[in-house]
Amino acid sequence: MGKKIKVGIIGAGRIGKLHAENIKANFDNVELKSIADIYAERVRDWAYGIGVSNVYEDYKKIIEDPEIDAVLICSSTDTHCQLIIESARAGKQIFCEKPIDFDLNKINTALEEVKKAGVKLQIGFQRRFDPHFRKAKKYIDEGKVGQIHIIKITSRDPEPPPIEYVKVSGGIFLDMTIHDFDMARFLSGSEVEEVFAYGAVMVDPAIGEVGDVDTAVVNLKFKNGVLAVIDNSRKAVYGYDQRIEVFGSQGCIKVENVSSSNVIVSTSDGIISDKPKYFFIERYRDAYIEELREFFDSIISDREPSVSGKDGLEPVLIGLAAQKSLKEGRPVRIER
Amino acid sequence: MGKKIKVGIIGAGRIGKLHAENIKANFDNVELKSIADIYAERVRDWAYGIGVSNVYEDYKKIIEDPEIDAVLICSSTDTHCQLIIESARAGKQIFCEKPIDFDLNKINTALEEVKKAGVKLQIGFQRRFDPHFRKAKKYIDEGKVGQIHIIKITSRDPEPPPIEYVKVSGGIFLDMTIHDFDMARFLSGSEVEEVFAYGAVMVDPAIGEVGDVDTAVVNLKFKNGVLAVIDNSRKAVYGYDQRIEVFGSQGCIKVENVSSSNVIVSTSDGIISDKPKYFFIERYRDAYIEELREFFDSIISDREPSVSGKDGLEPVLIGLAAQKSLKEGRPVRIER
Amino acid sequence: MGKKIKVGIIGAGRIGKLHAENIKANFDNVELKSIADIYAERVRDWAYGIGVSNVYEDYKKIIEDPEIDAVLICSSTDTHCQLIIESARAGKQIFCEKPIDFDLNKINTALEEVKKAGVKLQIGFQRRFDPHFRKAKKYIDEGKVGQIHIIKITSRDPEPPPIEYVKVSGGIFLDMTIHDFDMARFLSGSEVEEVFAYGAVMVDPAIGEVGDVDTAVVNLKFKNGVLAVIDNSRKAVYGYDQRIEVFGSQGCIKVENVSSSNVIVSTSDGIISDKPKYFFIERYRDAYIEELREFFDSIISDREPSVSGKDGLEPVLIGLAAQKSLKEGRPVRIER
Amino acid sequence: MGKKIKVGIIGAGRIGKLHAENIKANFDNVELKSIADIYAERVRDWAYGIGVSNVYEDYKKIIEDPEIDAVLICSSTDTHCQLIIESARAGKQIFCEKPIDFDLNKINTALEEVKKAGVKLQIGFQRRFDPHFRKAKKYIDEGKVGQIHIIKITSRDPEPPPIEYVKVSGGIFLDMTIHDFDMARFLSGSEVEEVFAYGAVMVDPAIGEVGDVDTAVVNLKFKNGVLAVIDNSRKAVYGYDQRIEVFGSQGCIKVENVSSSNVIVSTSDGIISDKPKYFFIERYRDAYIEELREFFDSIISDREPSVSGKDGLEPVLIGLAAQKSLKEGRPVRIER
């Protein structure tokens, strides 16, 4: 099996921990050597529990470790670019959570450094690796819907994040819709030309008070003519609503929600099916593993990962245009 | 369009009234001339309302009317054979509700008379005309499931009939399952060789007290090797449950329940669909019209109706065998 | 049952004939007395077939007939306003197909005359009477989704109309989307404030050549804050796609397509369900009957029909705004 | 976390390998120390690959190893009882694949030895641990269907096993239906009183030539009155068909098939969903892990595993009765 890939994780919040556990359970050819977190003490017990004894407060311990082949950047968004740059300069292969940043200049600088260093960079758009969406994409590529005309994406969370998080989230378009922008690009096989967004505060006035919206409908016009529409809500009482629909000249492909079970109960009240899986951790359980598989495989095969730095940049461009559209009440063209 | 077919209905209970209204609303080439009912006074207003002024207590007024071309026998089961015989002798075309009778000798005598008179006889197995089951049958005939191996029929009523009705119903197998026996024959394209029945009183002890069961599982072995299983209940709290499944060498065809609407409500309680249509009147609304169309068409084209006297006899044979099987606790072969 | 309502139909194209046949089969208290069509000779046989012997070339024969209580206006759109005015002045109750007209001034004048004459006017938005959408509306009114946040309507035809029709149709927004505008108003319980439309020619270049689009995504912002999005295509190869989704604070209501049957075939190729009912005649069979019932009931009970002149005007306002939005590439506010 | 449970696996065929891999990937507190297989050379490379270096031809190396806490018996059925007895005498905790044996005396002797030794014995009925069936059972226990009246189980394989396997399989009832017998007991909460079986050779005449059937319908009558019906086929061209339905006084619970994806493709051919997951390895992926979790948890908590030796014995009793019923053409009572 050859040498193991040695990995360090920077940032052990919910998503960092998830990646760590997924590596331990699924990748025999990968060794999770070290974990860095600014609250190192809080994560030490958990890290020991999964067999990782190198837990640092200072992420440089990872970047400067010559044994480390690859770095997973799971810290807060404002640290991503700096960490990408330092990791690239140290010759590490890089997996970075979305979004890269909210600032296009910083992103471009980081991507430049990655290019210069000749390292790999994969962005954490895990939905592309969901088996349902992958199969839909495969069917599209096989021509089952012919030429695409309309893409519809519904993406609604089961409940809004804490207001403290909303404040630093970059706004709904860069925090939540960004996944849908990526999915629309993935499905359409084209780039967005123009964006028009409607937004409203309907779930919680506190979200409006910090300058964000919690309900949105975003229209995308792609270069190849495809029209896409995304609808978001921060709160769907029935659970995480994640559906896509791709309509074209030869048919329509839908991916319906994944239920928490296939049990159906018929009573005098009606025919009752289970709700969708609760949230992204449950819904994208397999996708989170598969995106790591892609990353490690790209290292082993020395090829570009299928979700590139450009794939990290484009949704930020779209998100910023959506913000502008909402603010100015008009469609906004993407300037590249 | 030629001459109208003149029709008389004998027995204006629920099903007789339904046929009457269906004739008025759907068949321009049919004239409903007369209605007979032993409680003529009770039905007169309703009859006037649909434009029928000849309402008799004595059914002979219909059978002896030389203008009447066809008779619909919708009276109680014990009168069917006598009315078939009299109608046949009077040269009337005959539509008779199921079951013909509970007594094989009486049925055979009636069928003999029909044959002798050279008139048509259609038995009221309306489910064969349901568009969903018809399409399933069409698919079977086209070979979509290949050679049939297993047939499954679920047939559950939303609530039991009154005990007074149960007493004279002939028992669950001749009253309720008889439709499923017909459906199994229709789908299998073969005749039943052997029957095994389990039955129980689970819905209402009063049904047991009058010697019947309210829950049953019946197995049929067909001459062509097909195995069929029917499950019945007199009470499904979620409504009329009418499903079939035909499994074979090349696939499986299912007909699912027809919902009272396609509305789906997602709430914090689950994903809730509407219940099946309430009972046979709602579920088989179209089928009741289509079986009449078949009857009138067979008269106009002077051909045999697709549900024949034999199709009326066979399910009674099966039902009697099921009764015997339940009583004696063993499989019973059909003697013909 | 009292006196029958005497009805005349002006315009016996597909929809006029449908209404005529529905009246004959379903309304015992309504008499279809006369039919007018500019090609009277072409419809005479059909009219006789359903028992109507008064067939005129000149619609004035209907409007001037003092026996006629109600007029159904099913002629081409450009004649609607004139016929409404003449019918109103003659004191007739009026049912008029959608759209009233493409010209707001003409519509307002017609509505004025209706008001002056004190007659009833119902506009032919039959979808409001579809049992599935009605139930959805009932659930909304009962509060099952709480406060509405997002409405989504998918409306795709199985194939485009002839180019000759497209030319005089008023464009996709006034011909096709107008039903969806009505549905969005019906579901939201509010009025549209602003419209933004994307459109494209993807189905047939000939549609573009006559100045129309065949694919569209239209966003509506309602006064009560509801965001609605409608997507249209002139050609869905799998049949008539008619779905709605109403998302709110307490849940989500969907109406799924109505299949041509409930048969499901499982083979080595997959699990195959039947396609949606082919087109509006099949899909809205019951709705077309129910909208007439509403019209006749409003006459009998002397009350306003539930789809008023204003309900005819508003979708035209929205459609004109959508046209302007598409042309000018910006959201357009509705001016009233 | 305390001491690890040390495990040995006897028999490294498909199911033995599956358990081995599941232990490695999912149980940090379990050490898979040794594997025995009569074809040790064939499995050595695979074993090394998952990090197991102790690979023996002789299973006694496992049973006599004082370090081993628990044994997983995954060898051929005819060896089960002997291995249970030896393992029990050596004080090992035992997990044994189904069926224990085809011979009731041998089973009883083995269970006696287990009892005498005071060790745990869990039988490999993994379906009880499937999350869908578990949830159904939970709903039943919560009373959602009230008193159970009818249980229906459909269990069809995607293709028959090799004839060499069929010969030694013990017949369809002990090889395949045995899982359904267990499921029926699990769901009903009662014991089977009487069995009636129909069987036929419809898939492959070669199966008939070795004395077995490939298509079956089996009826069970439970002590608590529940009627159950199981239908089996060795070949469903659309994949592994695993459905249950539990009907009772308050409603009905169904578990539908688990699709290989939630993608739905609408084309001019119909509305096409993906087929069920291919076979038991895919369908019960999680269940195989969860049954091991139950086994290891029962060891850690020193309690009886929820699938006991009795749960291993009862389905064999039912299977033997089904064989007798099929042979003698009559219902057979279970003698205990």
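Lettered A, B, C and D in written order, each chain numbered from 1.
As a convention for this text, a contact is a pair of C-beta atoms (placed from the backbone, for glycine too) under 8 Å apart; a residue touches a chain by one contact, two chains touch by 3 or more.
Keep in mind that what you see is a predicted model, and the values were worked out from it rather than measured.
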Study note, to complete from the structure: More Cb-Cb contact pairs, comparing A-B against A-C, go to A-C
Check your understanding: What is the chain whose Cα centroid lies farthest from the Cα centroid of subunit C?
Key -> D
**Study point:** CA centroid of subunit A to CA centroid of subunit C, Å
**Key:** 43
Review point. When the C-alpha atoms of subunit A and subunit D are each averaged to a single point, how far apart are the two points in Å?
Key: 39
**Study point:** Interchain centroid distance [CA atoms averaged], subunit A/subunit B, Å
**Key:** 58
Point to revise | Multi-partner residues of subunit D (at least 2 other chains) | key: 236-238, 250-252, 266-268, 274
Check your understanding: Within the complex, which stretch of subunit B touches subunit D?
Key -> 147, 149-150, 152, 154, 156, 196, 198, 200, 202-203, 215-217, 219, 221, 225, 227, 229, 231, 233, 235-238, 241, 247, 249-252, 329-331
Practice item. Over in the complex, which subunit D residues touch subunit A? Could you list them? Key: 1, 25-26, 28, 49-51, 131-132, 135-136, 139, 144-145, 250-258, 261-268, 274
Check your understanding: For subunit D, which residues are in contact with subunit C within the complex?
Key -> 236-238, 259, 266-275
